[in-house]
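Everything below concerns the one structure shown next.
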Amino acid sequence: MEKIKIKKMMDIIPEGKSVLVCGLPGIGNVGRITVDYMVDKLKMEKVLEIYSTHFPAQVFVDREGKAHLNRNTLFYKKLNKGKSLFVFTGDFQGNTPEGQYDLSWQLLEIAREMNVSTIYTLGGYGVGKLVDTPRILGAFTSLEMKENLIKNGVKFPEGEPGGGIVGSNGLIVGLAYKFFHLEAACLMGETSGYFPDPKAALEILKALSKIIGFRISLEELVERCKNLSELTEKMQSEMVDKEKKEDLGYFQ
Amino acid sequence: MEKIKIKKMMDIIPEGKSVLVCGLPGIGNVGRITVDYMVDKLKMEKVLEIYSTHFPAQVFVDREGKAHLNRNTLFYKKLNKGKSLFVFTGDFQGNTPEGQYDLSWQLLEIAREMNVSTIYTLGGYGVGKLVDTPRILGAFTSLEMKENLIKNGVKFPEGEPGGGIVGSNGLIVGLAYKFFHLEAACLMGETSGYFPDPKAALEILKALSKIIGFRISLEELVERCKNLSELTEKMQSEMVDKEKKEDLGYFQ
Amino acid sequence: MEKIKIKKMMDIIPEGKSVLVCGLPGIGNVGRITVDYMVDKLKMEKVLEIYSTHFPAQVFVDREGKAHLNRNTLFYKKLNKGKSLFVFTGDFQGNTPEGQYDLSWQLLEIAREMNVSTIYTLGGYGVGKLVDTPRILGAFTSLEMKENLIKNGVKFPEGEPGGGIVGSNGLIVGLAYKFFHLEAACLMGETSGYFPDPKAALEILKALSKIIGFRISLEELVERCKNLSELTEKMQSEMVDKEKKEDLGYFQ
Amino acid sequence: MEKIKIKKMMDIIPEGKSVLVCGLPGIGNVGRITVDYMVDKLKMEKVLEIYSTHFPAQVFVDREGKAHLNRNTLFYKKLNKGKSLFVFTGDFQGNTPEGQYDLSWQLLEIAREMNVSTIYTLGGYGVGKLVDTPRILGAFTSLEMKENLIKNGVKFPEGEPGGGIVGSNGLIVGLAYKFFHLEAACLMGETSGYFPDPKAALEILKALSKIIGFRISLEELVERCKNLSELTEKMQSEMVDKEKKEDLGYFQ
């Protein structure tokens, strides 16, 4: 089997320059939540699917019992003023470093074909504790991009993220710049990393819609954040109660 | 060495549509027990063997001292009414995800050559406890298949199997549907997963023989199930006795 | 870099049928000790070296400070009556299953070129305790070979070796038979597996020289076995002394 | 993606024979510190960069927030009398043995193109304790080199380094000699291995500048060694103080 197989659903090559947003699974699933939300709210269309021997050897089974091969998917939406938006998401990033390089490279070849000129990869920045209003951290490849990101609220605190950016989010940005002459940046939303985190996704989406220039209803995502906040508050107060009781028991 | 090598024993391309049943080693060895039993009882003929660098680097040595390379094997049997049956079994599934993809793809190319139109992969569904009458769970790729499976006693409980289907059983079904336009389903027999389990194999075989339409004597398999039941009952009663004695000792 | 690179030192294609003996590193280093001894005592000539990305990424540094790449080497010796003997040994078997398949296959292609008709792989059979007179266990591919091996003292006890033969010793035999139509057998000398074991090598060499038909002085190997026996006896009696003293201390 | 990609910055093929010095990351980071210092002090020019799927799948993010793909880099400097000097350093050695072989081979093909006739690889020799004046140990491929190295203070103590040379430092030397007919040696500076070690780098640089014949200001490196010595002495005396106090506490 070829290492990467592409299944096209739609023949589309936008005339003007287009933008690509990538949100694969990762810390707090921030990137994937953001992009899944965009696909849903912007009613984006499926362009193609990527299958690969670099993915885990398994199928998902949905609630009806239907089996689905692991895959990544590219979606498309025509924006105002001749601009085009592509988003990329999916089930996995690739099992090995080599697989992640291969899959990132393949995506960039597709992006070139689709006249993409700018790429944003989205991810979480794990901080190991609950965050009220997550910052959005950035990593850039050209200074013009950096200035524009800062204007839209993205932060570049010195020394963060300390360990670099691991996985596809980093590779896509690095390869895009070095080998495809595309502008690329990575946006990382602060997250505890303990659970799928809509809050970081919300903050990323606020910044991203201004940066790229598209309108999207955030209502449902705000609702999910509220539900999550209630849940975590409830859990915390229950833990405090429990500790208090245990403390009393201890001192009696 | 090429990654996969095929050794043909027999030149056969059935005229009508044929069915392929796969039973490779896995949880409770359910798939392999079922298919080995079919090969034996239906007196099936060897069509070809698959050798691969994706298998562990070792040979089996049989009781006489003869060395055998790891391999998978395809068998054939002409059924009534021009129908043909192929089954596939063997020693291993492939060491790595890439190997499992490669081997599954290779099998599907062979299946296409052999005019196979429908594939069933067989496996165990590990539940971690002894089961009296194992359910057969299914995963399908087309709704027509699902209906036919339900009619023959296969269950599709919502949310099961939760973690998807890992390994060749899943890949063969997923790849068959996406890239070979073949109908495919996976049948999983409930099993404790603690030992090779003829009971799950028996239930699968009852369903499968009705679904595909072949007759097979189940007597010997029923016998093996009875022997296993006696053995597990004896072990359980011995454990209860031992616990009782220990309890007595404890309270004296 | 190509995965396997061959460096030829000598152009030789024997006219008659020749025999190949393989002794790569493994349990008790039995195979390698045997073949290294043959190379030395029979004054065999270097035919070629094999280098490979399947070997560990390191060089050995000898006592003078010279660096040596990991390699396997083929040696040659003309025997009486037009017979030719090749032996193969080296530093490693290959890092991965795929590497071991590749390297075994490559050796068999060389063997075919060299008119080899029969192959013996040599190894240790780890039994986890000191053995006075190691048995030689065999695994065969054709019944004629088995009979000849038995005549020369090789044993085929039912169910041994239980776990098959892991690594090149097994693969070379299995691939030789299935894909190269060569006769092949594996000879395994019983060994504790705790240290490099000349005793198992000695017993293998006694049998092998009769099976293939060559003369070799065993004196030096016998000497090494005696030295090892004295050493292990001394260690054992010291351990007994130490235990006695400790026992006394314990009871005082 | 191809496994190795080269990005050229400069077209240079020196007329005379040139020398290549390699200092990749490793024990005490000795090789990399040495070569980075040479690049800086000798004002060397970037010739090319190597990117590879054999490197970890991540990007570094610098203090400004700019993302950098993992890479190795070749630098160039014209020395006196028509001699040319190349140095090679970078972020990683390759994730796997196969990757390390591939990357070493690629470098040697570049070296051949650049008329390189002699190669020195630099590394640390971990001894697990602080060393006042690190020895420089060597491993050679031709006896002429050895004599020249000894004359310049390199040691060849029998049996050191015991475990051979692991990674690129060994492979480059071994492959250069066996397959590219280049002279090659490895110089290893003794180091504790506990932290990046400028002392070993300093001693290597003293020897290397004499061996190859170039002048370099060592002032700044001497300064870094002094700073490190002060730091480690301070830490040691603090530990002694702490132990004394604990001892007092223990006996009171």
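Some observations on this one:
Going by the order they are written in, the chains are A, B, C and D; count residues from 1 in each one.
What we mean here is this: a contact is a pair of C-beta atoms (placed from the backbone, for glycine too) under 8 Å apart; a residue touches a chain by one contact, two chains touch by 3 or more.
Keep in mind that this is a model prediction, so the values were computed, not measured.
At the interface between subunit C and subunit D, under half of the residue numbers involved are used by both copies, so each side presents largely different positions.
At the far end from subunit C, in terms of centres built from Cα atoms, lies A.
With angles rounded to a multiple of 5, the C-alpha fit of subunit B against subunit C returns 90 degrees of rotation.
Centre-to-centre separation between subunit A and subunit D, using Cα means, comes to 39 Å. With centres set at the average Cα position, the gap from subunit A to subunit C is 55 Å.
Residue numbers of subunit A whose C-beta contacts span two or more other chains: none are found.
Chain-to-chain contact here is organised cyclically: the chains close a single ring, every chain touching exactly two others. Taken together, the chains touch in the following pairs: A-B, A-D, B-C, C-D.
Interface residues of subunit A facing subunit D in the complex, by the touch rule stated above, are 94, 97-98, 100-102, 104-106, 138-141, 146, 156, 158-159, 161, 163-168, 170-171, 173-175, 177-179, 184, 186.
Note for the complex: subunit A touches subunit B at residues 1, 3, 5, 7, 51, 53-61, 63-69, 95.
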